[in-house]
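What follows is one structure encoded as structure tokens, with my remarks underneath.
Labels run A, B, C and D following the written order; every chain starts at residue 1.
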Amino acid sequence: MSNEQNNPLSGEYIPETFIPHTESHGTKKLWRTFWILSFITIIDFVIYFTFGPSMARNITFVAIGIVKAILIVGIFMHLGDEAKFLRWMIVLPAAIFLSYLAWLLLLEGSFVSTY
Amino acid sequence: MSSSTIQNNTTPKEFSPKTVIIWLLIVASTMLFLAFCSAYFVHQGDGLRNNAWLKFDLPFEFWLSAGIVLISSFFMQMAYRAAQKDDIYKIPSLLTITLICGIAFCISQFYGWLNLMDRGLFLSNKEPAEISASFVYVISAAHFAHIIGGLILLTVGIARASKLQIHKKNLVFINICKTYWHFLGILWILLLLFLYFA
Amino acid sequence: MSNSATVSTKTWAGGRSPFNVSYGKLMMWVFLLSDAFTFSSLLVGYGAIRFSYSGSATPWPEPSTVFNHFPFAHGINLPLLFVSLMTFILIFSSVTMVLAVEAGHRNSKAEVAKYMVYTILGGAAFLSCQAWEWTQFIHEGGRLDSNLFNFTNEAKIKADHLKLFDHVHWELADKQPGPVPFASLFFIVTGFHGFHVLSGVVINIVIWLNVVRGTYERRGHYEMVEKVGLYWHFVDLVWVFVFTFYYLI
Amino acid sequence: MSTETLTATHTHQDEHAHHEHHEPSFIRKYVFSTDHKMISKQFLITGIIMGCLGMLMSLLFRIQLAWPDESFGFLESLLGKWAKGGKIDPNYYMALVTIHGTIMVFYVLTAGLSGTFSNLLIPLQVGARDMASPFMNMLSYWFFFASSVVLLSSFAVETGPASSGWTVYPPLSALQKAMPGSGLGTTLWLVAIILFIVSALLGGINYIVTVLNMRTKGMSMNRLPLTIWAFLLTACLGLLSFPVLLGAGLFLIFDRSFGTSFYLSDIYLNGIGAMTNSGGSPIMYQHLFWFLGHPEVYIILLPALGITSEVIATNARKPIFGYSAMVISLLSIAVLSFIVWGHHMFITGMNPFLGTVFMYVTLIIAVPSAVKTFNYLATLWKGNIRFTPAMMFAIGLVSFFISGGLTGIYLGNAALDVQLHDSYFVVAHFHLVMGSAAIFGMFSGIYHWFPKMFGRMMNNTLGSIHFWLTFASAYMVFFPMHFMGLAGVPRRYYQFSLIPEFGIWMNVNIFITVSAFLGGAAQLLFLYNFFRSIFKGKPATQNPWESNTLEWSAPIKHLHGNWPGDIPAVYRGPHEYSRPDRDLDYFPQHEVGNGEPVHYEAPAETQKTYASDNKDSATKVFFSSFAHLFLLKKA
């Protein structure tokens, strides 16, 4: 393993971890993701106009949103191809702390409405 | 990939430090439940002296749970046997059935509490006599919390078994699962008998 | 404390990146993680305020009754159609961006430049759509500090002019206004997102110029494109949640 | 990853080392420097200046608290119209309290402490030439500098600086006319804080990436000095919590200046009537603020704990007791700090259920904190202790950490907090545990790494006197406050002589103020020692404390790129002191040892799973196992 990337002082350098791929990853997967995303968005609308507002519908929307997020982060941003630790380093803090914050603040919000 | 590496690298480590940890945990939670039971006795003694001790029937769902937990223990044992016999392709499904039984147990406990509440027995009651109901809630909830831990353990076990990491030469994890799960089953039955007879 | 001097070369042993990514890309990821927290604080604040309106006398409006306009289709009720168009534009620009990154992996300068142009156009289109939507929203009575929906035009002009108290608004409109935070949160959440899109477009243009001038070709790799790509997808990701929480729920 | 590639890399390093650097200009070298060592000095000196200002402010309002009815002529000549007749104006008193808190929390103990030592130590201790992005590092300092200037400029505003407390709660901060400081002063405060957030994020991203990505060969995560672990986790805390403050600040700015009502509702104002806003809740600001605010406490404390671990291990000539326990407790403190913010808000009228949740998770923090304390004591136990000033300050930190931390357990109880909230008990608690403890960590770090920063030694005698005076005065100032708080004396009150019930505390207040002046005088000693030693101190040897860590292997004279030749590789953990098989009682991380050849350990063969010839994915195995169970499929 090269130490080159330990050395930001040396002007133009190629990080050894970024080796240009000669072969194509293929764009098929990317386009397929695009169509899936579009399709899921259409499903969003279908659900919106077929069911009345309810908590179940909201949960469905959030679930669909999370699926979309996974597709974007995992495939478009290639997080799915990164090292396992990096994946969890990015996903876990956000998932844990933000859901905790959201949970408590929503409880707080509904509490405000009752007093 | 050859069989020789397998034999060289993986030696049976049935009695690993992790097993000791689970036994320590079991001892610790046994102490917890012993503490609950002795507190129960003390309060019962006081209550009976002052005629302030409500006797009531345990919800039948609790007995149902006991049945479920027996069934799940049976499947757990089957999974362990499968691992011992290197029948590795059966382990995930057997563990999953155990897990489903565990979830059913949780649901049954939940309905048991609803049953108690329907009868006007709550966790916190105004009447001093109804402290016996509070005890039933606390004891069953503490056991419930342990079951949740067991479910997590089982989930990890299923994931590992699906990666074919549980087999004849690597029984540590399934041993832990088995020990803990049987402990939970026995514990629930003992607690139930205690609450019934005490 | 072994006696032999051993240098390990395992993943985490130092002397290399444990994730096999360059520091620049890791920095971008870490920044995006923190930016996700910024957006989440805005969205969670929105959620708390919205929940505090449950059971209130001024219920939170149904999004489809507010966002039901489309350019050149005046007076026709087309609920959520425009915002779906915006979503598609953003998803499309995201896929062109990832195609540019993929072309960068193959060191294909022409393709990178081409796809980046598409991406920039998509970003610009999104921004224009947002500008139109804001205009429409303001026209209908959305204000940062008040909610003038259901107001007649004269009443709106009067209210804007006088900056009157809310209960006076009610008399003017003879109707009860919707919750004020509905409008202000709309401007702040979509505005903060739009600001990100805008900066994304600017960065994309800079990078595109570098691509065209062959900076990255000389450098031997198109990692810079990949980094701005991460940012661009993040903007798309945020839109997914803004769309879900603001328009759908 | 084989041996060949490892050796092959040396060529590039050598090239770099012999590459001629032309001497940079003065501005490039000292002002807009991208060198992490220079940036760390800039952070330190700015931090010290801000610290002096913060302390002066505290002395001013201590005068008011001790002698509320007397007037002092010098105050008028010092503060002008804010101390007409020699008595501090009540509004200005609030402003002093606010800016004292802001400066101490953000500018001294966040930027001054973690900015200085993260910058100095991360590249040197992990073995990197510089930060991942030196340019962003420079920006980080200059955003911090701009932020300091903006904050201090609010003293030049006619209506005075922000005065709603360092937490700037709405509605005091959201209504421009709530009090004099709520106008331009609070606007400047918000601008300063947003600049500060940018600085903290730029710095934090750099620290994290440098630690993760740029460690030298052999510097595995379990060989990192505990300082680096602490800085890494501090940076993570800042990275995830400051953005939330940014969101909160954004809402607040819109409330203040654009008439929105996120934190305002139709509250009734005396003399004005009901406000026109509707729908907001000030408690939401508190939630968002304390989502930053609580991790911020640990952003302050963790670097101090890291420095202490290093200093105690070095000066007790013993390995730190329980290295992995220390790391795990740091980690768990970091994680827990994100989920406990609500214990600052027990009596705000938030949802009582939240109070329960927050109380339980808060009390859990006592566990890792206790682990750290016991490990420090166990490290000191039977150590061959060298009482350098750095060591004394480190032990002082442990003392404050215990005495201030214990009161935290009281305050974490929702029921007790009803009595103790917003009283001097709280003041005493956080000044001991995060104020004094973190300042002591900072002093410890300054005394310990001064030779590394400036190539000279500080005077030990002056350092010892400084320690004892500061230690005694800190306890004399903050300890009596516990009793005041228990008796119900509220914080941030201007004039206790107006409340007869608090008359019994008058003498205690005078005692505290006199002690505070003693503490202030002690810092003059430090300033003299510090600035004199920069120019006239005894020249330092390369490794004055006989320490193991990598920074002492770099030459005394600072080089751009830290090491003249290759970056040294690392062969062992950071704490191998007093090894029985060594003549010297220390064993530097980079030293090869008794002449044995360097052996590059090839990565171990990946563990063969039992059925590694199976190509099926886990999902497939999982589903097919049901078929196996029902004998639909043969294995």
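Note that a contact is a pair of C-beta atoms (placed from the backbone, for glycine too) under 8 Å apart; a residue touches a chain by one contact, two chains touch by 3 or more.
Remember, it's a predicted structure, so these values are computed and weren't measured experimentally.
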{"item": "Farthest-lying chain, centroid of Cα atoms versus that of chain D", "value": "B"}
{"item": "Pair joined by the larger number of C-beta contacts - C-D, A-D", "value": "C-D"}
{"item": "Mean-CA-position distance for chain B and chain A (Å)", "value": "37"}
{"item": "Averaged-CA centre spacing for the pair chain D and chain A, given as whole angstrom", "value": "31"}
{"item": "Chain B-chain D separation of Cα centroids, rounded to whole Å", "value": "44"}
{"item": "Contacts with 2+ other chains: residues of chain C", "value": "9, 11, 15-19, 21-24, 26, 33, 36-37, 40-41, 44-45, 48-49, 52-53"}
{"item": "Set of chain D residues in contact with two or more other chains", "value": "1, 6, 127, 132-133, 213-214, 216-217, 240, 244, 281, 284, 287, 291"}
{"item": "Those chain pairs that satisfy the touch definition", "value": "A-C, A-D, B-D, C-D"}
{"item": "Chain D residues touching chain B - in the complex, by the definition given at the top", "value": "607-614, 618-619, 621-622, 624-626, 628-629, 633, 635"}
{"item": "Chain A contact footprint on chain C (complex, rising order)", "value": "9, 11, 15-26, 29, 32-33, 36-37, 40-41, 44-45, 47-56, 62, 64, 79-80, 84, 87-88, 91-92, 94-95, 97-99, 102, 105-107, 219-223, 229-230, 233-234, 236-237, 240-241, 243-245, 248-249"}
{"item": "Residues of chain A defined as touching chain D within the complex", "value": "1-10, 93, 97, 100-101, 104-105, 107-109, 111-112, 115"}
{"item": "Footprint of chain A on chain D - complex, ascending", "value": "1, 5-6, 8-9, 12-13, 15-16, 19, 127-134, 213-214, 216-217, 236, 240, 244, 281, 283-284, 287, 291, 338-339, 342, 349-351, 353-354, 357, 560-561, 567"}
{"item": "Complex interface listing, chain B residues touching chain D", "value": "1, 5-6, 9-10, 87-94, 96, 158-159, 161-165, 167-170"}
